[in-house]
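Lettered A, B, C and D in written order, each chain numbered from 1.
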Amino acid sequence: MRIAFLGLGSIGAPMARHLAPPRHALTVWNRTRATADAFAGDTGATAAATAAEAARGADVVITCLPSSREVEAVADATDGLVAGMASGSVLVDCTSGDPAASRRLAARLAGAGIGFMDAPVSGGVAGAVRGTLTVMCGGDDATFRRVHPVLDAFGEKIVLCGPVGAGHALKAANQALLAVHIWSLAEALLMATRAGVSPALALEVINASSGRSNASMNLFPERVLTRAFPRTFKLALLDKDIGIAASVAREQRVSAPLMQLTAELMKVSHQALGEDADHVEAVKVVEQWSSQEIA
Amino acid sequence: MRIAFLGLGSIGAPMARHLAPPRHALTVWNRTRATADAFAGDTGATAAATAAEAARGADVVITCLPSSREVEAVADATDGLVAGMASGSVLVDCTSGDPAASRRLAARLAGAGIGFMDAPVSGGVAGAVRGTLTVMCGGDDATFRRVHPVLDAFGEKIVLCGPVGAGHALKAANQALLAVHIWSLAEALLMATRAGVSPALALEVINASSGRSNASMNLFPERVLTRAFPRTFKLALLDKDIGIAASVAREQRVSAPLMQLTAELMKVSHQALGEDADHVEAVKVVEQWSSQEIA
Amino acid sequence: MRIAFLGLGSIGAPMARHLAPPRHALTVWNRTRATADAFAGDTGATAAATAAEAARGADVVITCLPSSREVEAVADATDGLVAGMASGSVLVDCTSGDPAASRRLAARLAGAGIGFMDAPVSGGVAGAVRGTLTVMCGGDDATFRRVHPVLDAFGEKIVLCGPVGAGHALKAANQALLAVHIWSLAEALLMATRAGVSPALALEVINASSGRSNASMNLFPERVLTRAFPRTFKLALLDKDIGIAASVAREQRVSAPLMQLTAELMKVSHQALGEDADHVEAVKVVEQWSSQEIA
Amino acid sequence: MRIAFLGLGSIGAPMARHLAPPRHALTVWNRTRATADAFAGDTGATAAATAAEAARGADVVITCLPSSREVEAVADATDGLVAGMASGSVLVDCTSGDPAASRRLAARLAGAGIGFMDAPVSGGVAGAVRGTLTVMCGGDDATFRRVHPVLDAFGEKIVLCGPVGAGHALKAANQALLAVHIWSLAEALLMATRAGVSPALALEVINASSGRSNASMNLFPERVLTRAFPRTFKLALLDKDIGIAASVAREQRVSAPLMQLTAELMKVSHQALGEDADHVEAVKVVEQWSSQEIA
């Protein structure tokens, strides 16, 4: 199959690598051309100058961009995807995007005979490298079956979640929980610290009890107690993700006070810590607000 | 060693059973006398008519009551613990209590030469039956070493968390996280449901992703998706527990917006569902607020 | 000038009455035809069968509908406004609407040479009857000057707030404050009540102090203490309004935790009390949550 | 009558001035002795070296201190109030204090035959100077009637709110509303600003509409739009006050999500802006969180 891959970021590049020749005829595009050229040099893929050029002749086009805003921009630009994609081809959007934007884009593409499926992933850089990502698909069954073999190259758990937008909604739901867990765990540990409990001991006990989460089992022991705070996933993106979750909840008339409040807390943390901060660094804002470190 | 155990509720009774003869000379007391008599008949323990009578001659007195309010009442009543306990004995309070109340009680007991340690447990009825509870101790090192062999009968992980009140604070922190996780997961699943994702699939994907928690791995699959909502731990008690966590945070000047808000949500849920509701039934309030079931 | 007025609800009807002959040639339309016929019979206006018919030949078309959803529907229907309005005419939307929807609609109308201004009002039924409404306009200066004489018939304070959408945003901001004030005053009075202060005395003191608001000065003495709760403005509409404010804040990246949380509280109250409840009846939800009346 | 006045701060000093000779035999005490000496020199009052000395022989002792913590410290110190006050005298606490602390203190004083009434004031420095304060009293009717003539010297509206603690609770309720109004108005104005409305115009319209409050009518026009932010009442004290309100609500089982959340926001603002910031400067935190000034 002929594949185009747009967006060779920290997750996109290792995903694309699984699709490179001889597995597929692969054309790649990146906003920074040099990244695409280097990737092509490494893998035998072809680098394209524009999104339209990358898309031309492809059976499946995959986007993996920061947000739906970039996807819509790349789709609709003069030299964009829509200009290059042929009727009968499919756009698979692996961006952690916005369901409403996806439905709008799907409707526009349908007018040109082009299919669409949202397919955001989870599993991080490590999962992308190992090809063990979870892929959350939103679209119709026929499209899902058609692109499944392509997604299989980088995904381990590939599920059809519902109609267009359902993948994006589920990804946003997961991210909202991640944000809630990080922030509330920081609150709980600061409270315990002030009451005389060491954070390491508190985590150990919580992890043997009913309050445990992925944040308490993995993120905090490895990243917070050590003060390592490695930069693996941007707070700016988690802020965007929970903003999507909160907006979807509001549109759908789901009462979600914790999600709405946590969305505000992520926005404030993002504003305070800047564009490059890692998502777990939101903990530093909680610490600052209480003049106490978790250490 | 001579042990007194006060409070033969759903957790207390199986805990006390591990302390019964021939292991220890055990006297038990319960607000409802018949419960103590039945326990004594089953186990070879002695049933006492009053807390003072139970405490008389005991080296270690253990309380396992609904809240610190009951512990203080039992301690200070005319026929209460203080009337019966000898100088040199120790009160171990396994109640999920309030650190401030514990510090007040410890100070009063110290005046009579009586030691105090807070030692709330986690692990539920099953952990109490199997003797695999986690025990979170607050007190001094000498007291901890002295009562450790007693706690060992029902505890698997027995940790000294800090000074008096530290055990109660850590237990409250864990419970606060439990409450946050249950409520926020309900919000996230309702949002995903409205976007077209089935809750079972959403849980499966979240459990393979970064948003997982004990609530998503265990509570929701077993209790919410099945609509079983077994009554294992009262919402009234979780409301009390997160109220303690939120009060400690406020007193300690820890900024904890999520904990404060979730404390309100638990209070509202408790008010709406009544005294007998299980803690996971708080999910039903989230559902009602959005006119949508997670099913 | 030839005017069309669409939406003869409790606010719209008295507004339209100020525009009736001999002041203006007025055509009216209402979803329920009988309402338009009765209004025409009373006032000398002409009743139209469709929005298009009402709009045909009008220099200025005024809409006063429940939400932007209805405005967009009325604009774009087969027999809708766009079908009837001539190039050079202006649509003035007095609905308490959504800035984003207004910008979309303005852009569509501009393509047909039709002007647009959002112009929501405040002052209630009494202000509409007396012609003393405040009118918050969003649009360009030329349009504002052109329609000012028309608005003058029912408005006392007519201000150009900014570009298209600015009127709707400011109205939403005011409504969000109204909702925050009502809910927080209920909380404060319940707290004072439980501490032994009568609500009437509490209100009297607050109204002589720094915590006073329009809610404490007017709404609560007249409507809550008396338990009268007259139905003058629907909770369903206040829920919609603060939802707009919260959505605009999120889109504009304004951190607004109190507005976001209050939007959830209004949604829950609306869900609990139904479509006919008055906005001040949200107080009953606060009361129910605390099992205590403000009385 | 012989009066002692303790606490000659920015509110306390002008209050005490109304009680000075020839009106009453007045003894004053202040933590900083020089302040008491200067006041005595100005007014003909007598400066005391200790609280006990000030209280000795007084019929009524008035405290006006930063918080209940200082009141309890001054009461219970070796040279404190209790050491000096005679049986039959009354302590009137004009501090914006904590109902629970007041009830504890009243019980201790009752043991020594000393009466107690909480009597916090509102009206600011200007009201204290003019003698037009509102005084919110908590205590029994006999005590109220006895001290009324004393309070009359600086109070215009003097009301018995309920039993001991009721005055403090009502003052805290008012302050909580003040905090909610300031923060939510900042949110609303920032949202309107981003939508293209000038804050001055937004305030003007809100002040003609249902969203107005003392904050919008007085504080924001005079202090925020002008960027003057005069330091008249400390944010540290408003933080303390709403913390009292939120704690009372929690103890009394009043569901108060807006009050609980705003208490957190005030704590964060206080932490960010320091001990000297004025309460209205909390607006600067809202501005910073949204990278936008209200100007």
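Rule of thumb we're sticking to: a contact is a pair of C-beta atoms (placed from the backbone, for glycine too) under 8 Å apart; a residue touches a chain by one contact, two chains touch by 3 or more.
Quick caveat: nothing in here was measured; it's all calculated off a predicted structure.
Trainee: Of the other chains, whose C-alpha centre is the longest way from the centre of subunit A?
Mentor: D
Trainee: Which pair, B-D or B-C, has more C-beta contacts?
Mentor: Most C-beta pairs in contact, of the two: B-D.
Trainee: In whole angstrom, what separates the CA-based centres of subunit B and subunit D?
Mentor: Centres of subunit B and subunit D (C-alpha means) sit 39 Å apart.
Trainee: Taking each chain's centre as the mean of its CA atoms, how far is subunit B from subunit C in angstrom?
Mentor: 50
Trainee: Hunt down the residues of subunit D that sit against at least two other chains at once, touch-wise.
Mentor: Only 253, 255-257, 261, 265, 267-268, 271, 289-291 qualify.
Trainee: What is the shape of the graph in which nodes denote protein chains and edges denote touching chain pairs (line, ring, star, complete, other)?
Mentor: Per interface graph, the chains form a complete graph.
Trainee: Within the complex, which stretch of subunit C touches subunit A?
Mentor: 243, 246-247, 250, 253, 255-257, 260-261, 263-265, 267-268, 271
Trainee: Could you please specify the touching residues of subunit C with respect to subunit D in the complex?
Mentor: Its residues touching subunit D are 99, 122-124, 134, 136, 138, 157, 159, 161-163, 165-166, 169-170, 172-178, 180-181, 183-185, 187-192, 194-198, 201-202, 204-206, 208-214, 216, 245, 248-249, 252-259, 261-262, 265, 286, 289-292.
Trainee: Using the touch definition from the top, list the residues of subunit D that touch subunit A in their complex.
Mentor: 257, 261, 267-268, 271, 288-291
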